[in-house]
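There are two complexes below, and they share chain A, which is joined by chain B in the first and by chain C in the second.
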Partner chain A sequence: MVVFNWPSFWEAFPVLAPGLTMTIGLTVLVMPIAVAVGLALAVTRLYTPKPVARVATFWVEVWRGTPLLLQLYWLYYVMPSEFGLQISAFTTVTIGLVCNVSAFLSENFRAGISSIRHGQRNAALALGMSETRAFFRVVLPQAWSRTLPETVNIWVELFKETSLVATLGVADLTYRAMALREENYRTLEVLTALALYYLFLAYPQAKFSDWIYRRTRTKE
Partner chain B sequence: MIDALDIIQNNRELLTRALLVTIYLNCLSVLLSLVLGVFIGMAREYGGHITYVVLGAFVDVIRSIPILVIIIWTFFGLPLILGLQNFPPLVAAVIALGVHSGVYISEVVRGGLASVRQGQWQAGIALGMTPIMVVRRIILPQAAIRMLPPISSRVIRNIKDSALAATIAAPELFWASNTLEGETAKPFPIYTTLMIFYFLFNLGVARGLDQIYSRVAIRGRA
Partner chain C sequence: MINDDRVHAQGRPQLISIENVTRRYPNGVTALRGVSMVAYEGEVVCIIGPSGSGKSTLLRCVNGLEPIDSGRILFDGRTVGVKGRPAREIRRHIGMVFQSFELFPHMSVLANVGEGPRTVLRLPKQEVEQRAQTLLERVGLADKATSLPAQLSGGQQQRVAIARALAMEPRAMLFDEATSALDPENIGEVLSVMQALAQDGMTMLVVTHEMEFARTVADWVVVMDDGLILEEGRPERVFEDPRLARTGEFLSRVRKTS
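Right, the complex of A and B next:
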């Protein structure tokens, strides 16, 4: 058993703290964009002609079926070399996370929208609403509350998955921990502090997610 | 894509080895996660209040920490605690992935066990079976079938997460691809091929598990 150096452990917290902005900021930035893109993908798959819907399905399956880390690497290395796009690591990971998360969200939304009975849409049309209005005012609000638990769950997953951006040098919590570890070699102390940061931040979110799940289960 | 074929051709040995590593990394970690998942799930369901709370805390802790951090912590931190030298990255990856997936599977197991109706218990006890027999012979077989779909999506998740083992230099496919990218400076063919590989591999595994489920699904009906 090695000696756990408590001072190094406590000192790690303030050093990692600046990484919080990136970790939380990325989550807050990516999620709303991903919700919009995910909704657009779900609508495309449900309401457009087959060839278009098929393309959207393929797109979603690719992002869902491959590792996120590989997706980020692909974007980071291939975009500049093949398409001459010089974009920053931050932009790359934002795009990658949006594509990945929106694919998962779109499946969720698609299931939610299909679960709303056709009668709802028909009733809205009979009341003189246009197709678009019926979708936004009648179908979507109901689908939204049904998909909320899974959406919150995906949010929590996203929060944790932002840690992968460290591998491309984006200065989030994980990146700062790896950097500090290489500086002071207090591996166990620094990595434990890192794990605790995530634990304290993600635990309330996970519990909130569980609570929403329970709440909706008793309602329906 | 000609590049891709060339690169694969020239590095057949490295890639074959890496593919095998990816496959057994996943087999071992999934096996570990099933053992852990069934153990934790059953202990929480039948083990009384204290077991429920203690194991629940463990589940919540692991669930709140990103898999990347778990992998890094296991590789760098665990050998320090255990006083091990030369801790192989592959062992760290198996433990990290197995524990992470196992915790999620334990929740599936718990849900599956709870989904079997009370009447099944009572019927078993009425026939003179011991509680352990009832669980083993009546509850678990029915629950296991219902657990299959969520477990198969966990397996897919495990395969995707296994690429993270590259960050601790476990010699699996993603690590091998990064090495080749470093040597050839041809990211497009390498990473695209790897994308296609993971996509088809996951598709195959998902289809296979679906097939198994559709065979046995009828026996798991409530």
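Right, the complex of A and C next:
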């Protein structure tokens, strides 16, 4: 039986704290870009000629169908050696996370956009709007609020999955925890502290997601 | 002999003219097999006929929401298109009311009515709201301006949809089975708004199953079946003395059910 060493536990918190900036920063940086890319992918799959739409679908399936860890490794090790692209670990994980998250978001948006009745578009066109305007004024706002709960879920998932960037040496919460553990060998205390960090940060986000879900449900 | 002249339209210009239009859906179903008809300025034309006869398709072709395969449709002398600026230019002069209302659920009632003037006509905010408010008064819903569509009854929603179409100050209105989705107690309020509109001289193309409305409000009745026009004429004549047996059969079927 391992004895829980309380002092090591408490000491872990300030040591991990600097990693917060990276964990939260990555989430905040990746999400808006992924939303924009995901939306662009969804629109491409729905409204462009078949060959183009198929390419977008293939792209999405690749990123949805492979593990994030593999994707990050692939970008980090294969891109420089095979294509001669020298990019920093931070840029690599940002690109990897955007590609991964935008693939899931695009599926979400595509379903949301398709769920809006065709008559809504017709009603907008009948007023004299262009297709583009009808999309942005009428279809997208409805699809957006319908998909918001799942979008927030994906956001919370992203927040937790940023922990994989530690494997490439990006100094987030998890990276700091691993480093500290190697220093003091207090695996139980350090990892418990790390878990609490994620939990306390993710919990309000999950609650927020529930609240959004209830709100969108009552509105319809 | 019942008077079957189109005297009411004498000297008026043709606003909508449909010339030998055919429409075959991509799935192979032929909805229109060569339809020609005219609506004169200020005329109320009711299009009646059994379900699946092509009435609604024809109506959607008139403002270019549905493409046609051959023939042509003119609105005020201009050919109606499906895409691009010329198509939009014509659509803004034609109001349309749908069977399922199609109000924008994420906008207030006032914003729904103001949407066309705001985004298409680009009128200043104050003018938009004033116009929307005036129109809501006209359809008897001034007190619902801040409500969301979902908070209204079907009849109220359809009256808002009429106001939304009128906000563009259209030269013609298309009604696609505007009362078919309504509970019986809500039909009357929508029909009376439509009747008032007709009395104001609006050019109206009305696809309807409301035979009483067609009989009393229409200037001209067109009977369709299986993608063709069976016959057309003054409502008194069509209802009292149908020329074709099929028209008579349809009318007696409708009388039995209503």
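A few remarks follow.
One rule holds in what follows: the second predicted complex is superposed on the first by the 218 of 220 C-alpha atoms of A that agree within 3 Å, B and C clash if a C-alpha of one lies under 4 Å from a C-alpha of the other, contacts with A are read in each partner's own complex, and residues count from 1 in each chain.
One rule holds for everything that comes next: contacts are C-beta pairs under 8 Å (C-beta built on N, C-alpha and C of every residue); 3 or more make two chains touch, one makes a residue touch a chain.
Just so we're clear, the structure is a prediction, and the values are computed from it rather than from any experiment.
Chain B and chain C, once both complexes are superposed via chain A, fit side by side.
Of the two partner chains placed by superposition, only chain B is touched by A:Leu194; chain C is not. Using the contact criterion defined above for the overlaid structures, shared-chain residue A:Lys160 touches chain B, although it does not reach chain C.
By the touch criterion stated above, A:Leu125 is placed in contact with chain C alone, chain B being left untouched. After superposition on the shared chain, chain A has more residues touched by B, the comparison being chain B against chain C.
Once the two complexes are overlaid on the shared chain, A:Val138 sits against chain C while remaining clear of chain B. In the superposed model, A:Leu69 lies in contact with chain B only, and not with chain C. Once both structures are overlaid on their shared chain A, chain B and chain C have a minimum Cα-Cα separation of 26 Å. Shared contact residues of chain A, touching chain B in one structure and chain C in the other, are absent. Against chain A, in their complex, chain C makes its touches with residues 60, 63, 65, 88-89, 91-92, 94-96, 98, 100, 102-106, 115-116, 119-120, 150, 161, 164-165, 168.
Touching chain B in their complex are the following residues of chain A: 1-2, 61-62, 65-71, 73-74, 77-78, 81-82, 160-161, 163-164, 166-167, 174, 178, 181, 187-188, 191-192, 194-195, 198-199, 201-203, 206-207.
Touching chain A in their complex are the following residues of chain B: 60-61, 63-70, 72-73, 76-77, 80-81, 83, 156, 160-164, 166-167, 174, 178, 181, 187-188, 191-192, 194-195, 198-199, 202-203.
By the touch rule above, chain A contacts chain C in their complex via residues 117, 119-120, 122-130, 133, 137-138, 141-142, 145, 219-220.
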